[in-house]
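Structure in structure tokens, see below.
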């Protein structure tokens, strides 16, 4: 017992009808990296939030160094030596590194000893080779550096057990290597690390032990050396991983969508796209790969008209549409758009399913005439879409926020595809969906391809891209690195391009 | 159980009123009078007395229009606290047309005055709207500050260039009697302005329920990003909603001049613009209910005069009661907040601002 | 212009600038504190008025200005507690709550002042603070008479600015306040209570804004009149933005507004043919122009106006 730094015993936590953690056991050896592996919704985050004192478990107990501890708040967790780096950093953007680190630290007096803390933080930072300026404002640091500030914060608060929630999701492939080295240094310094991930390669690369969760339960707990990626994948998904959508042979037609040297800025006024040029033909799926934040969002927005370009041209069927409005692009030109963040851009969550189904055509006949709505036409339309796309709901008058993510995405697809578009821009259309919904979405996209639609498919999930795309282009800091035919697009080659290494 | 709760919840404005009257009765006791007798006098005077009811309608007119001036922009998540100023500028424009545009037949001249008043209010509201849409300057602060500017400006006008010769107080000459709005109730002050207000409220209700504009306005308020994606212009809706709201308030000022006072007085509005906020929230931002809440607040105001004459209770007691009403309405929002129209309308305010940030290109994270 | 440029006139304009800016400074300081913690405080106007009324009541019954000060601050905190309970605990929109507080305070003070002071409300002469000269310092030319020959509340005002500054930037709690206004989730995750921090700031802001009202009653007019705050709370809100949410910045912004106010009074006196309403408009116009002409975009604390609820699935 005593050789476990941390043990969770029979942890159960339910939210209403959903059991997020079902009698979970987790044992972590001191001075090791312990991976907790599982798909979205497997219960990893709930378990970690319990460990960190944000949620209270219904039953079960937590032991640190063999002693039972109660953690009912993050503060108590930290007092027991447990610290967590959240997937979304808990940093205050406009405070300095030092201020962020000492925030909420117990045992300080009323007066803030900035100079003293800064000196000690600098020493600690150097001893781990972090190279962080404690006086810098956090917002001015790159993401990888902010992650180090989070880790430094835990070290400065004397955390012994470090929970890292999907730490590599914010890193580019070439930042991942140095990050793993850092984990080794932490391990050497005697720290115990819990590493939450859904990526198999990472488990094999750094973990000493691995616990696999699925459906709120622990399915396996083994040494990393005693397992292999295939069996981990099987355990994680709960079935044989055989993922293949139907793809029929086809021929492509004329060029429909063309970008010619497009340069555009992002919301912060920085350059997001730099002289991007490509063309997409009728009946072709052109994929855009890249680490999140390399210009994908902006690319989708300039094509759909939500963002203006600084220079360059966008053409549809040979016609320059660079200055055309959003609604004309959607209407006359037939550019359909499945936005990346459906809650932010694609839906009005307070509105009904029926209203969301006409979001892009609300002012057209038969839905509206003389400035007023025709409710019957709107209801008939919604009922038809719901039937055709098999949307599961109680009523078309239901607020769309109460639909599942997959069904919300179906409403968007139905709305965008019903008018027989010529161009489809799909930005991360499978994000956050379960396996069944992913297959449905991809099948719909392939159906459109067979109909002769020119499709731009943006995704950060390489496997999904390779499943559906005919060609793949790679975006790296706003530039289109290269374009590969599906047959040549191996994960290795794309991975290099994603890291900014030209082939 | 849930349905009981729901009914109770939807009646929250009624509870707020009852609670405010209950606390108000303590205030009346403190003033040394019998609350039951006082309320009886007040409500009898406000609603069950021919002259009193006419006085209620006179007050209801500006209250309703000012209330609608708050309701409309809030559908897009925007706060117009500037109805007071818009009332003044509207009244000023109407008076100028009434006094200095000669030779028109009466009815046409009334229409022209009315349009001028609406235009004045709309232009005054355009200032905060432009600043909000293109400079992201907080519309609440700007509308509040502009109220004081308008108040003093009208005060200057009626004590200087437009002052009646030899008048003891700052006011303009009387407008020609051909411009007096016809009376709704014979031998009283109640004029047709209140009917215009009711018609506007009903129209607004229909537009909110079934109109495309009601939908786009709400969409801009609920999710401005989705609104852009649907091809709606957030900036245009900010400007349009404020200008229409300003026009409503401008009409309130116009009818005060054409229907009630027949001159432009210094400081004539006495806070109708602010009372409009109470009307709007008491109505749960529903234009149809605004008719009733304006009638109620108008009744409180006119009944208070009755109460003072009959029992010597200070009219300021209804200001206190009105303050309690809005406080309790605000407090009632603590329950099932999201389910209310008010909650929905303003929960998205932040998002409008973020969308504007995104557009002007300096959103910081 | 000669009338404005002799040393005597300069001292008079500057010292009246300072006096006119005192209520604004208190209110803006309250605004800084509360908005730094993430609570939008449109209720400043109501808090000034509550403070003024409290000051009048305290001074009236106890016949001394110090009691007025205490009661005034107490009333300001009561107004603040409404914002705290509804806005912080129950998540009612802070703007709606603030507007409700303003209207409520306006109505209730109008009524209660008639009850308390009766017919003499407008002729009252309440005990107040007198200006006193700080020995030696007050004999410095220009600065002496302007800065060191004022009454107690002016000195309290400067002390408050310094205290709020030290609190925000030199104490651990101040750090927590600055953090909670930017990112409450980070503060929560660091084990500090978001509501407790916000309650503290909103209540303290109530007391500080109330001091502005106390100054109006106890140092300027010695009586309470309905709506005597006259939009000062809203000008203070503009000063908070102009001063970029910093105590010293807010002080400077208020002094600027106070200067224009003093200037207009002076001009009004010297140029009787210019309608005085133009001068009355000036402070409000200057505030708006200041917001429009602000160099660079102001960046409010990121979470201001937003209710924080721990993410719970």
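By letter and in written order, the chains are A, B and C; residue numbering begins at 1 in each of them.
Note that in this section a residue touches a chain if its C-beta (ideal position, glycine included) is under 8 Å from a C-beta of that chain, and two chains touch if they have at least 3 such contacts.
Predicted model only: the values in this text are computed from it and were never measured.
Summarising the inter-chain layout, the chain whose CA centre lies farthest from the centre of chain B is A.
Two chains share more touching C-beta pairs than any other pair, namely B-C. Rounded to whole angstrom units, the spacing between the C-alpha centres of chain A and chain B is 47. Separating the CA-averaged centres of chain B and chain C is a span of 28 Å. With centres set at the average Cα position, the gap from chain A to chain C is 46 Å. Shown for chain B are the residues in touch with two or more other chains, namely 362, 364. Counting partner chains per residue, chain C has residues 299 touching two or more of them.
Shared interface positions of chain A, defined as residues touching 2 or more other chains, are 93.
Within the complex formed with chain C, the chain A residues making contact are 15, 20, 46, 54-55, 73-76, 78, 84, 86, 90-95, 99-100, 102-106, 108-112.
Listing the residues of chain B that touch chain A in their complex gives 210-213, 215-216, 218-219, 222-223, 225-226, 228-231, 344, 348, 357-358, 361-365.
Those residues of chain A whose C-beta lies close enough to touch chain B in the complex are 93, 139, 265, 267-269, 304, 306, 325-327, 330, 337, 339, 344-351, 355, 359-360, 362-363, 368, 371-373, 375. Listing the residues of chain B that touch chain C in their complex gives 27, 30-31, 79, 81, 131, 135-138, 140-142, 144-149, 152-153, 155-156, 159-160, 274, 277-278, 281, 314, 316-317, 319-324, 326-327, 329-331, 333-334, 337, 342-343, 346-347, 349-350, 360, 362, 364. Residue ranges of chain C in contact with chain A, taken from their complex: 170-176, 178-179, 182-183, 185-192, 299, 302, 310, 312-313.
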